[in-house]
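This structure is in structure tokens; I'll ask about it shortly.
To keep things simple, chains are lettered A, B, C and D as they appear, and every chain counts its residues starting from 1.
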Amino acid sequence: MSFDYGNSFALWREGAGGAGGAWHDYTHHAFVEGLRDGSLPRESFLHYLKQDYVFLVHFSRAWSLAVVKSETLEELRACAATVNALVNFEMGLHVKTCAAEGITEAELFAAEEFENMAYTRYVIDAGMQGDYLDLMAALAPCVMGYGEIGLRLGREAVPGTPYQDWIDTYAREEFQQVCAEAGAMIDNAVRRRLGDDPAASPRWAVLQQRFTTATELEIGFWSMGLRGPK
Amino acid sequence: MSFDYGNSFALWREGAGGAGGAWHDYTHHAFVEGLRDGSLPRESFLHYLKQDYVFLVHFSRAWSLAVVKSETLEELRACAATVNALVNFEMGLHVKTCAAEGITEAELFAAEEFENMAYTRYVIDAGMQGDYLDLMAALAPCVMGYGEIGLRLGREAVPGTPYQDWIDTYAREEFQQVCAEAGAMIDNAVRRRLGDDPAASPRWAVLQQRFTTATELEIGFWSMGLRGPK
Amino acid sequence: MSFDYGNSFALWREGAGGAGGAWHDYTHHAFVEGLRDGSLPRESFLHYLKQDYVFLVHFSRAWSLAVVKSETLEELRACAATVNALVNFEMGLHVKTCAAEGITEAELFAAEEFENMAYTRYVIDAGMQGDYLDLMAALAPCVMGYGEIGLRLGREAVPGTPYQDWIDTYAREEFQQVCAEAGAMIDNAVRRRLGDDPAASPRWAVLQQRFTTATELEIGFWSMGLRGPK
Amino acid sequence: MSFDYGNSFALWREGAGGAGGAWHDYTHHAFVEGLRDGSLPRESFLHYLKQDYVFLVHFSRAWSLAVVKSETLEELRACAATVNALVNFEMGLHVKTCAAEGITEAELFAAEEFENMAYTRYVIDAGMQGDYLDLMAALAPCVMGYGEIGLRLGREAVPGTPYQDWIDTYAREEFQQVCAEAGAMIDNAVRRRLGDDPAASPRWAVLQQRFTTATELEIGFWSMGLRGPK
């Protein structure tokens, strides 16, 4: 498998365990494997989808906070485009899938929040407490993690898995391009603030912590999905 | 002239002087009349355009803060769409006009801020201090004021004014639609929080103050344009 | 038992179940009963104390956000005084108790966060998304709930419980006064924005939801304490 | 004259012109010289004092935002203490002086804002857009500039100037101590994020710009005072 989501992501991913550790637990979670081989109970998937819709609402708010915090034209444009894609594209996919199951968008928007509350609010607060980079480090695991999962499952999915649509969403070129561009933009943002050897900056450990915490919150999200509705 | 930018705007406009007072001073400023009859010095216009570009950068940040503060799907979508329109459309118009004068976008982005600093930061802080409505009341004078000015100048412009392009931008149906939709969305946001008789709410005076202050800051913005570069 | 923490609190408390429901589950949690009769394992108490220290750090940040959002002199002063009390008094009590167990303040500050992450970040985000009242509704359950628990345990504690110091902190007149003053300030803030019949405002349901959600997050906090360190 | 407000301040001061340039224009403004030799019209002083009261309200909000953004115990404590000092001490001095002129605190709190609006909102937005350091760089010119002015005027004031009380407020050991401690705290905050050679960091130019812009806004503040009420 090959992907290039930029240098900062590569460093953060390694810092979060790389092929092992928290990053592996997130990208190879039992929920993910259930999507891959089709063994995931439909009830779990729908529970996840509802929670992920609410997640996307707050994730859109977090990317909008990134517009507020942007300092260059590239950052302003990239974050505004991401908000637009989240609100007018990715949220729509969830709505469509859920509509086929008789769940309306109003129900989705009003869904009670579970584990994802800690996640989304942590990301937003990372932006409030720190600067643009703190927010990017907290946002990256979701974007790039789904990219990495999508790419792998696009190759390894068991034919006939009922979750092929979900897999295709993140495996397809369009989403991979989003990840590559986000990675390049983050690299520029990092270089602009921390120079050419960012890992040598005293801020790096804090950014790594943001990334790792968000990765752990992703693991909690999958686990909540797997448990299904209470 | 007829326009319908919603009930909240109508009330706020009236509270800011309506056809007279601050609202009139803003929408009939000497700068505006100079656009209408073509007497505005080119130097003033270009100075204004540069400052307006920087204004739009921070105005986009303010509308993004509105996404952070939105509480309904309608609010989320409307604000995200506005950010997108500002960043990917309206800023582009300024870039195009300035490029024809040999001014690059990088120069625009780096332009020193003058009077507009108070304006944009006041709006962003209105969102920090208050809720979604405080932010909307501070954002409204720019959006709807330009709509009203565009509509009037679309009819009253002296043929041959070199500022016809600028006038058309705000007079055309597309921008008028933006104002009408923003007005309807604001009415819904007001109704949702203050009920059917919002002017009877104790919060109304604070919202009116936000709108009036932003109107006065618009007056200052035109005056700065008129003075031209120092 | 008698306490008067103001009218808004009384309404919100009732809306969160009053003597029953979520409010009862919070104020009569097994953890609380363990403090009262002394049966709470020391390990659970210390785990709670460490997490509560980290909670107070972020709770201080949330009360500071309330200063940012205050609109009157009374609000500005009350919130600034609360931040000061939290940082320079209540956090100090935790440090003292923990020091006696050989836990340094640096360890406390660096403690990994568990369930309380959702709680504190939810409160901060309530302030970001809404206005001063949204933040107050999310802050109130902690302040007034501890006041109510302290008052009851001050009367019902089993003599000799090793947690008498903790109980006294919240039972004593000084803390009760803090709750009464916070309640009066919140009533003023509510009246200023929603008028004399706030429960009739369309915003009331949103504020109640903030209060109820924070109450549920308090229940989760006690449960985490009871489970002790992993 | 000797003062030591830390290394970061010394660098930023130099970057803003040091003994000359903007820093000199701020600390040796005609308004300041009028305080020194007593020639400042009483009307100008009172106009300034009212505006400075409103400035302090928003400056307290900005320091509270610094609590929200703090990442260490030292930062949390220092900023909380500053908010407390501003709200419960410095604002009180203004109230006392104004009361002697028959101006109530309610009038002060409700005073219309002029040039200081750009200043205070710029500082708050610096905190929203950037991190703790961006906010500190924007806050520093006011704190340390007044310290430097106070120290100089404490030595150079013409005996009998009616502004001796004002001068003493900022000349006295207590305020000088505040400046020295703030400077040390900022140095620690800078070292923690940018390492031992902060001026070599790519972020330094941005921080310098924050400091210089705030210095220029201080010049505008004095000029507004000198002009007096409209």
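Everything that follows uses one rule, which is that contacts are C-beta pairs under 8 Å (C-beta built on N, C-alpha and C of every residue); 3 or more make two chains touch, one makes a residue touch a chain.
Remember, it's a predicted structure, so these values are computed and weren't measured experimentally.
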Field rot_deg for pair chain A/chain B, CA superposition, rounded to the nearest 5 degrees, holds 180
Given that chain B and chain C are copies of one sequence and touch, is their interface built from the same residue numbers on both sides (over half shared) or different ones? same
Which chain maximises the distance between its CA centroid and that of chain B? C
Chain centre separation in whole Å, for chain B relative to chain A (CA means): 35
How many Å are there between the centre of chain B and the centre of chain C, using C-alpha atoms for each centre? 42
Mean-CA-position distance for chain D and chain B (Å): 32
Two-or-more-chain contact residues of chain D, please, as numbers and ranges. 61, 68, 124, 128-129
Which residues of chain D touch chain C in the complex? 57, 60-61, 64-65, 67-68, 70, 72-73, 76-77, 79-81, 83-84, 87-88, 105-106, 109, 124
Contacts from chain D onto chain B in the complex sit at residues 61, 115, 117-118, 121-122, 124-125, 128-129
Quick check on the complex: what are the chain A residues that touch chain D? 68-69, 71, 128-132, 134, 191-195, 201-203, 206
